[in-house]
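After the structure tokens below, expect a handful of questions from me.
As written, the chains take the letters A, B, C and D, and residue 1 is the first residue of each chain.
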Amino acid sequence: MRNTTRLGLSTALALVIGASSAFAENVKIAFIDPLSGPFASTGTNGLHQYEFAAEELVNKQGGVLGGDKFEIVAFDNKISPKESLIQLQVAIDQGIRYIAQGNSSGVANALTEAIDKHNKRNPDDRVLFLNYSAVDPALTNDKCNFWHFRFDANADIKMDALTDIIAKDDGIKKVYIIGQDYSFGKAVAAAAVKFLGEKRPDIEIVGNELHPIGKVKDFTPYARKIVSSGADAMITGNWGADMVGLGKSVLENGYTGPIYTYYAAADGITAAFGAAGDGSLRLVSEGQQNPPASERAENYVKAFKAKYPDGNVSQSRITNVIEMLAKAINEAGTATDVVKVGMALEGMEHDSLWGGKIFMRPQDHQAIQDVHIFAHTKVEYDYDNSGYGMLTESTVEMAAMDSPTTCKMKRP
Amino acid sequence: MNSATTQGKAALELDGLRKSFGKTEIIRGVDLSIGDGERHAIIGPNGAGKSTLFNLITGRFPSTSGKVRLNGQDLAGLAPFQINRMGLSRSFQITNIFPKMTVFENVRCSLLWARGYKYSFWHMVSRAPDLTEAAEAILEQINLTERRDLPAGVLSYAEQRALEIGITMAGGANVIMLDEPTAGMSHSETDYIVDLIRKVTEGKTLIMVEHDMGVVFGLADRISVLVYGEIIATGRPEEVRANPKVQEAYLGAALEAEH
Amino acid sequence: MDLILVNLIDGLVTGLLLFMLSAGLTLIFSMMGVLNFAHASFYMLGAYFAYQISLFLGFWVGLLVAPIIVGVAGAGVERYGLRRVHQYGHVPELIFTFGLALLIEEVVQFIWGKSQMAYEIPEVLEFTAFAIAGNSIPAYKIFMIFMSVAIFIVLLYVLTRTRVGMIIQAALSYPKTVEALGHNVPLVFMGVFGVGTALAGVAGVIAGPVLGTFPGMAIVLGSIVFVTIVIGGLGSLWGALVASLLIGWITTFAKSYNIEMANILTGIGISPPENMSESMFRDLWTVTSPQIADILPYILMVLILVFRPYGLFGKRDA
Amino acid sequence: MTDTTQKAALSRPPIITLSNAMPWIVATVFLALMPVIFPSNSAITIMNQMAITIIFALAYNMLLGQGGMLSFGHAVYMGVGGFVCVHVMNYVEDFGVPLPLPVLPLFGGLFGMGLALIVGSFSTRKAGTVFAMISLGVGELIAACSVIIVAFFGGEEGISGDRTYGLPVFGVEFLQQIDVYYLIAFWLLLSALLMYLFSRTPIGRMANAVRDNPERAEFLGYSARWVRFYSFVASGFFAGIAGGLFAINYEIVTEENLNLAQSGTILLITFLGGVGFFFGPILGAILFTLLQTVLSLQTELWALYLGALFVVTVMFFPGGLAGLIMMHTMPLKFGKLGSLVGPYLKTLVPGAIGILGLAAALEIVFHLRHAALGDSEMTLFWTTFDSHSVAPLAIAVIAAVGGFWLAKRAAPGMAEAYHAANTPRGGSV
């Protein structure tokens, strides 16, 4: 009895979702990322950054097209490609034209293909894919399409910048590469080998290995190998619990050199390392906070922390996504014709809130920007309220501006 | 009928059968030959190994040594289902039916193999008139037609025992083994089951373990007495009754029980 | 050679930690005949409770109190959950503990959130006990070894030398008889479940600081604990010990030495395919032992179940 | 009684009678009409997902419900079926083989069956814990292989394809979700019918017998092991079909189709729906898909509620949703269903209030802890209020406590009424 009414209710809800379509004036952006499950904290923090950026940078400035507001609509994809495709369909049915996603290249791959197919099959309600974090190089190479725009620097670009820094350090003779056993981990390893070989052929790669992703309970045996290999530096693409486990384990077992990472910050990781990581952890990323690029950036971070005391401005590129999209919509004069908006985004140059320029490369829709190497240390604008955060150590301006791409962009 | 003896073709032969559990030998060399169409009862005091003997014959336990032959074929190393397919079927001391299935389905399932349906997935059981007919006939025989569609688990104890006997003989096996078919029953229930057994085992070989001497002497053509894993006597009921060794064994056991 | 010694110690730590979980699980199994899928969840609860307590009263109070809370919670689960489901049979029991594992993870996320907790090793133990050829052995590891061995000895003593142990062992095999002798068997069951989960709690308390205290910690360890007791033989304490150490060492050594499949394959006389990148089996050729280290126990379990269904030390079928 | 049954026994019953075809006709009409009632693409997407889950859940229940085998790794058969289908899709596209899309799931089924054939040959020797543990081990192994053996599984990105590869089938190109819907609906009906019929065959009946009492089944001439094996293989086949449909619907198959979480989910779905009845898993799949896609839009705590629902189901309604419904066939037969309405309302309304109150309290606490600073406004049950003030929380707690108290008080009355309704009029059992 009770169950049937609930069933009826839910069915009605499904109907409502389907029916409430496109008569809103707001420009809606679907945020499809994990809001439950193991990656929920990353996803939720990303959502807050989107909501905050839309409010502060667009809505409070008068909106787009003379008054339309940005609205972020959250969809929980549970970091599953299948769920993402379902939520994509729900979002499209709600008349949403802009899809933002970032966590997991696997999901991004599924989404970009699904969006490409959808846009081909349904020319009346095409959508744009604003990828703000998935860094698999393939997305802007073999798998590129007109609808996909990447605002983060991809794994190759980051490695290019990182190896620039390593190459300058004559003290580094031996490098150990370790990563999670999946496409991103392999891409990082391959890029590291390639760039180090080009820039510093004298550096010996004393270890290059993969471990199962998310399954390793105890990293001690790996740490032992790294320590006994006599490596001066190590490079890893690990994230989440695998990053904390590996990092803490090598430090505990007597490793003292630098650990070059992609994702060893925020979402509890900075707090988990705390003092132990000071002097060792290095991170390659865009968007510097310490020292702040400008007063405006400083105020933005302060305001964000005031609103979300447990949050971090850890994906600073989100402000670029919002500002560049607003600019493109204004330039195109429409928010519904995504082809025009896409054309406006292509080749756009933008002054980032975090300093430096962003250039959306038209050949592959890869944003070219300054890439920094940060050190994990005590800073003013910290992560996880731990007192520790990311201090800019060195910067590669407009990294990989002329890097080749295999993308053959097909425009509608 | 009482003239049936070992002279005819043997349905079941036991040859030096032994079984040990750990260091304890439960069955200590049993030789027995049961003729085709004979009704044979195995009696003996508690703990004599009657049920173990049953389990050895039907392949539930492997024997330590010795041979079991069914219609002349050796059963060594065969699984229960293989032995069953050779024409031997048994019931259990503790009621052993399919409690969640209906009475009718219990009987129908017991018909499937014998009727050649085997592991078929291209027949519909409900569209096989021969199955339905045969199952109905058996229900009629065991007087459970009225209970046809009830889950077997809700039947009364006597009805469950009757159903078990129905299941045991449904497959058409010609050697039927019943393990204490009247255990725990009232007098009227016992009479009912005895009649039933007599009716359904007509023309088949019957081997049963039983405590109720009334039942044994009323039904059996021949009786074997098992004491401490050995057969101390085999013969017609009146012979066994008169056997001094049997008297002693039963009296001894009775005395022991009093202490 | 030195590295082998270091690996032996590391593997011992992993194995003993696993043993603390599998000992409780195997005890519960032999008593109630049910595999407790939620066992690792109690391990997680141990870590979280201890973390919460350590914020106010320090690590040592947490080590003492958290397992007790976990044990009480476990006993409660047995009394009000499992006992009720028991009447439906073994499969629903297994499903119940499976659901419980899901629920506990969600509850933990509700209370503590989804990030990793900053649960730290106590400062008195934060030093290097000794070093072998440059590889430092932290004092905390020695502490872990000491704790697990102590627990094993106490457990063995209680089970074989005390009256309570006798009753438990008897209740394992003849619950009806023991009940007839006037012992409260349901109470014994509840007690064993409580103690088993408390053991998992202890494991959580001492593993939390090194392996991380986060909502996924139960899942990471959960199925491997099953694998351990299945390999060891369900219901056998010694089997659990042997299997735990075996798994600890196998995974440690597989991770420490890069054994490449290519070498093994060429070693047994198979030549590599002409065109590696086009070959169907290219992935097989490039597999290394660290890559598959953590799935080796599963391979071992399947093999054991196929060839010896009652495990290494088991007396009966699972 | 005897007369009629014997008459029925004499002549072979007709192949199709109206009464046994009725559910299938209703189902067909229902499936055909659903897209007309819910025409939006998202509704169709959800229905596609539901239909695929139904097939998978039914296949799973061939093991759990009908065969008594608890598997913790059944997702691999669906997953492998899906991977094979995507590979076939790509192969066909590259080499131009004239293979119409609608028959593609058959490949999934055959490969799912093939894998089940291999694994089943050793895993079905024993039921119970040994089977469960082997299924867990094999499941973990294959899931782990998926990130190692990239050539077949494509790593964590999975393998994707394009379903619109071939020639149009009767003018349908399968560009739109709605085309795919009808394809899936067709396979759903076909597989459900076949699985239902399977349960009526000798092997299907013996699967039940072996589940209830393997030993007795052995003494009836059946090898319990082979009975389990055949059920397992058949289940693998239908799981593979579901995988093939998944591949067609999403055009991508990834590691998540194989992993332990997926295997656990299908167990959850099947059990929630009810393992004791054929239609149980269907209800479970519908309910679960709605909870997952709709409830997760409403609350972040959906997984918590789902977990609680599952545990409560195992503890109090081991028959699942279907069991709950079928508990009312006797009252219906006796014409006493009406007498239950009053007592049910008396217990269930306070109970529902209690549950909603508890959920509200949880939501308020969650909001209090996790929402942004200054963001104290929250909306619950269409009411907006300040989550930081005491009143709403107090109301929620009072509703929860009061509701449960009232429900508990009325529960004996409900049990009594239920008992009375199960007794035929003017008689006692």
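One rule holds in what follows: a contact is a pair of C-beta atoms (placed from the backbone, for glycine too) under 8 Å apart; a residue touches a chain by one contact, two chains touch by 3 or more.
In this text the structure is predicted, and so the values were computed from the model without any measurement.
Considered apart from subunit A, the assembly holds together by touching as one piece.
Greatest Cα centroid separation from subunit B: this falls to A.
Sorting all chain pairs by how many C-beta pairs they have in contact places A-D at the top. Rounded to whole angstrom units, the spacing between the C-alpha centres of subunit B and subunit D is 44.
With centres set at the average Cα position, the gap from subunit B to subunit C is 48 Å. If you average the Cα atoms of subunit A and of subunit C, the two centres end up 36 Å apart. Computed centre separation for the pair subunit C/subunit D is 32 angstrom, with centres defined by C-alpha atoms.
Touching of two or more other chains is recorded for residues 144, 148, 303, 370 of subunit D. Those residues of subunit C in touch with two or more other chains are numbered 109, 113, 291-292, 294-295.
Chain pairs that touch, as defined above: A-C, A-D, B-D, C-D. For subunit B in complex with subunit D, the residues that touch the partner chain are 58, 60, 79-81, 84-85, 89-90, 92, 96-101, 105, 108-110, 112-114, 117-127, 129, 132-133, 136, 140, 145-146, 148, 167, 171. Interface residues of subunit D facing subunit A in the complex, by the touch rule stated above, are 38-43, 45-46, 49, 144, 147-148, 155-158, 160, 162, 164, 175-177, 246, 250-252, 254-257, 286-287, 290-298, 300, 302-303, 321, 324, 344, 348, 351-352, 370, 372-375.
On the subunit A side of its complex with subunit C, the touching residues are 38-41, 181, 209-212, 214-218, 220-222, 224-225, 227-228, 241, 244-245, 248, 252-254, 267-269, 271-272, 274, 384.
Against subunit B, the residues of subunit D that register as touching in their complex are 1-2, 5-6, 8-13, 15, 197-198, 200-206, 208-209, 212-213, 215-224, 226-227, 230, 234. Remark: subunit A residues 1-3, 7, 10-11, 13-15, 17-19, 21, 35-37, 40, 44, 48, 75-76, 78, 80-83, 85-87, 89-90, 92-94, 104-106, 109-110, 113-114, 117, 121, 136, 181-183, 212-213, 215, 306-311 touch subunit D in the complex.
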